[in-house]
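Step one of this worksheet: look at the structure below.
Each chain carries a letter (A, B, C and D) given by its place in the written order, and its residues are counted from 1.
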Amino acid sequence: MSISKLLVANRGEIAARVLRTARVKGIKTAVLRHPSEVDSPAHLIADEVVTIDGPTPVAAYLDIAQIVDVAQRIGADAVHPGYGFLSENAAFVAALEEAGVTFVGPTSEVIDLMGDKIRARAFVEERGFPVAPSAIEDDDPATFVERARAVGYPLLIKPSAGGGGKGMRVVREDSTLETEIETARREGERYFGDGRLFVECYIERPRHIEVQVMGDGQGNVVHFWERECSIQRRFQKIIEETPSPALSEAQRLDICETAAGIARAVNYRGAGTVEFIYAQDGSFYFLEMNTRLQVEHPVTEMVTGFDLVAEQLRIAAGEGLSAAQADIPQNGHSIELRICAEDATADFRPAIGDILLLDEPRGEGVRVDSGILDGGKVTTDFDPMLSKLIVHGRDRAEAIARARRAAQDYVILGVTTNLAYLDAILDHPKFRSGDVSTGFLAEEATDLTQDWDPANTDILAAATVLSDARLVKALENVPEIYRLMGSWRN
Amino acid sequence: MRRILEVDGEDVPVWLASTREGHVLHMGEREIPCSLEQAAGKGAYTLELSETRIPMRIAVSESATFIHFNGRAYEIGRTDPAEALDKAGSGASRDQMLAPMPGVVVSVSVAPGDAVKEGDALLVIESMKLETTLKAPRDGLVAEVPFAAGDSFGGKDVLLRLEPQEETE
Amino acid sequence: MSISKLLVANRGEIAARVLRTARVKGIKTAVLRHPSEVDSPAHLIADEVVTIDGPTPVAAYLDIAQIVDVAQRIGADAVHPGYGFLSENAAFVAALEEAGVTFVGPTSEVIDLMGDKIRARAFVEERGFPVAPSAIEDDDPATFVERARAVGYPLLIKPSAGGGGKGMRVVREDSTLETEIETARREGERYFGDGRLFVECYIERPRHIEVQVMGDGQGNVVHFWERECSIQRRFQKIIEETPSPALSEAQRLDICETAAGIARAVNYRGAGTVEFIYAQDGSFYFLEMNTRLQVEHPVTEMVTGFDLVAEQLRIAAGEGLSAAQADIPQNGHSIELRICAEDATADFRPAIGDILLLDEPRGEGVRVDSGILDGGKVTTDFDPMLSKLIVHGRDRAEAIARARRAAQDYVILGVTTNLAYLDAILDHPKFRSGDVSTGFLAEEATDLTQDWDPANTDILAAATVLSDARLVKALENVPEIYRLMGSWRN
Amino acid sequence: MRRILEVDGEDVPVWLASTREGHVLHMGEREIPCSLEQAAGKGAYTLELSETRIPMRIAVSESATFIHFNGRAYEIGRTDPAEALDKAGSGASRDQMLAPMPGVVVSVSVAPGDAVKEGDALLVIESMKLETTLKAPRDGLVAEVPFAAGDSFGGKDVLLRLEPQEETE
């Protein structure tokens, strides 16, 4: 069941990244494109670019029937979904199966199970893996307060129907539990028309740590070590690294083995990530499992030397894993920066524009997975992530130094990016010492905005007027007599 | 040769002059000799300013200049005051006329309540040593003239407001 | 004695590579430029570009007085020589010393010793390291034949004054030794006006294997494992790799320890390379020591994770080595391809031209150390090497696959390069199995030139005429009536 | 619209025609429908030829076209026969006239020993359906005319040789 032609049902940097590995493996490739999309690196790599229609570009990439049809029409025997879009869509997997096309990923049953956060959590808990203590009112309303008390303090009350932090209340003392429950219920009714609640253990200054796993679907599962992803804005990661600076060797083995155990429990096939919330006291709890490749997978590739997409393709072709656990090292340190078109000084508002000049950093230990080309255009049709800058160093300090150099050398002109913001994070003393949590960016927001250096105003003003061809041309046409007057102003 | 730059959110009026020795940038009262040479690579330049040589990458769009130097990218808004003044009459709406940049009112030809016809001269302003006559963008009644002759105004200040137009039909 | 400003007394890809590391370390940088040189990546990286004069560009880079003067004038406290040019010039080192500028490299004494091949060989032999058996007639003409006989067969007779293979004779049997010596003597007299000879052990199908060493000048020396450099054309390496496919683990340790021992014997300071000739029977002999960074150092960086330039700068600043021998791993496999502007089908004749389109490969495990920019020009002023493509893989097969993909994706249009030739080498069965020697390219020359695929003629002809704007434009102006005639030819 | 291409060391005369359905490349007796579309990235195109779509990168210089496809770069020499024929008289030296491409001799006006003046018509050739008159590049004596009317010649063949010129001075 070897793969001879692969359709990548995705776009941007991840499509380019998957296509490159397929080419190394000698597999023919195809990728999708919506007519409104500008040129991107993936279009240059794929043997074939297939146009798909849709009322919006995103709708096209979510159109299961159309994409399955493309796969059949072009004779692709496998589809790689990338991340996002249909990568965790069980219906897509089922449709491909019916069409006789291999899905590069887990079975639809596993996607279904892990896609349902409540079921996934119950499954993991039943098998003895750590989940954060919690109490769901619906399970037995009569005993809810009692069960909430058993969760321990501090705890967090959330509306069952809620989202976005609305109606959430932290309770630190037993004496206020019942009144806070009543307040939260009223707020839930007011905001969501639904007063049902649940309670979970509140973790102060948590870290987000996840573990890369890979299974062959035949019972063999290995992990590729952890990634620390605590640097988040708007609940989205923007800097990831491995190893996590938080973990001792014993904790590292513990969390990685736990993740592999969870994947083993579902007889996992393909690449997946088990996400944990990690408390300051070293305890960690299962959050969820992502049944696909993650955006941040390259940091794992940098320290292990493995090509995770190559492993995915091996497994999809029925060739199994290429390595046993003992063969998977964790060498040096790797950091990923997500370069986004956004204004970090204005609440991360997405930016648009033309890419007037692009020059990517290069050199030892530097990898750029990019979704843009020089002369391209950044629109709001898709996610604002333009590119990923991944560096490797012998240790964390070297990785940080290389990341800063590369971020500073990354020239993207014509659209606002978060490069300076990412560089400021890398330079923050707390980041340098590894003392971060998921609240880091919010807590340190003021430290992360640089003061304006007044000397820059002169430099920028001079460069702007001197590079203004029309202005300089006009000046050259000024009669010599005026120029000789020295300070010509009119 | 004047420009109004927007640097770090502030309007910075500048002009560039040419002397026997080269270009001089005028910012406020300061005169800064400077020059820009092309350097290696796409969009690469070296700026020489007060004896320092600063390597940079520059890309220019219609209304802004993008500059990467010392490891960071900056966007500088760029307005030609001559063009901006001409467009003053076509400000935010057809009801009000906005100042494109700071300046001084030279003279005012109308008062609140006056009926004006499209194209009538309303007031004369001076910004950056350029005088411009603002003309009525449409027929209408003058509602407000916030500044008198001799008054200074800031960028984006309302210089004149017409009565809102009745929706006909 | 920390370095605050570094002058890189070199150009091209190595200048860019050194400058990048200096920037990561927060050191201010400057680089040289001759007025005739086109823009190159180094000029974009350096804080300062200093113009140097000279009757030819090469002469400028060899002008010791001028370069020392530049270093003083710009306040550089250290000079990195790169490779070539003044990198192994003891007079340059002495001049810098006198000017109070640190030379990033070994002492002038060591450069002197190793620069004299005869003295270096004698030094190494005296200390008990292996050198190829040989006999020099001048040492004692009376016993020359006897000493030649003791070298063993096969042996090689060379004119002492010779070079370029002229007058060299292989002797395989003792019975012909004396007549061959007489013939060689006559040929030496004829070609060089000098009949003196020397004899050395002739190694059949030798490999060129070298070892990267690094010393702190305080007696500490470590090695960074070996590199196999047998793929050579015109005695110049074009593909290098590490580990060497020839060595067993025991041999690897043996050759690496021998190299470190030689470096220790001279109390070596900085980065150096000990080159060996390696025979099919596993024996190896000292050839020479290069007292500088080598072109092919990146393959060592890829498998060890070390930045060798950073180590050089540490040592020059008196901070010593950053690691002990046990901390230097050899992870995975790395291959370097030297991309040269030359016609591999016409005896590697250097090519010139304008770089009309440049697109470098990227992705996992790919590093490009380039000396050219899009829109640049290739002249004959310097070496034809444009760029180096370095790949890393978990094993040799993966490294080869990645190297091939990257070589095929490397777009350089406007000047002839050896990319297709390099790709053909990577695809050769003997290269794949690691069965190579320094004669490989000559022996397999016919297998390395691809047959012309006639289908390409149609494709190339069609693309050429359809991309000929003047032609297509003219065609569009043909009156409709002619076009309707179907096959319009006149 | 004709071109002479140099592909893999061989001269390949081609012409491109346009039909209702699109472009047709004529090579020898073959007619190959083809089209070229711009694609993603600098110099990127997709060639459609005999139902196959081939992605490529193309860069064009004065006299050659550089094409990267299927993992390799090729250089294709490009000659416009109309221009090439005009230049036939300015061949390798001022003593001999080289054929820029294969063709047929239509007529010969001179014989060895004839004295000619610069600009005199010497012979008429036809290549790729274009007739061109070759003229004397300088005053001199005809030394050799290797081909007669009706003869075919190859690219770079010598069509006419003048006696070497005496060094004057």
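In this section, a contact is a pair of C-beta atoms (placed from the backbone, for glycine too) under 8 Å apart; a residue touches a chain by one contact, two chains touch by 3 or more.
All values derive from a computational prediction rather than experimental measurement.
Contact tally for A-B versus A-D: the pair with more C-beta pairs in contact is A-B.
Chain B has its Cα centroid 42 Å from the Cα centroid of chain A. Computed centre separation for the pair chain A/chain D is 57 angstrom, with centres defined by C-alpha atoms. Rounded to whole angstrom units, the spacing between the C-alpha centres of chain A and chain C is 40. Counting partner chains per residue, chain C shows two or more touched chains at residues 44, 359, 409. Shown for chain D are the residues that touch two or more other chains, namely 41-42.
Pairs of chains meeting the touch criterion: A-B, A-C, A-D, B-C, C-D. Considering their complex, residues 354, 356-357, 359, 407-409, 411-414, 416-417, 419-420, 423, 452, 456-472, 474-476, 478, 483-484, 486-490 of chain C touch chain D. Within the complex formed with chain C, the residues of chain A that make contact are 16-17, 20-21, 23-26, 44-45, 298, 301, 305-307, 310, 329, 331-332, 359-360, 362-370, 392, 394, 398, 401-402, 404-405, 409. The part of chain A that touches chain D in the complex is made up of residues 39-41, 43-44, 46-49, 373-375. Looking at the complex, you find that chain D touches chain A at residues 39-42, 44, 53, 55. Those residues of chain D that touch chain C in the complex are listed here as 1, 3, 5, 7-8, 12, 14-20, 23-27, 31-32, 34-36, 41-43, 45, 47, 49-50, 54, 56-61, 65-76, 78, 80, 129.
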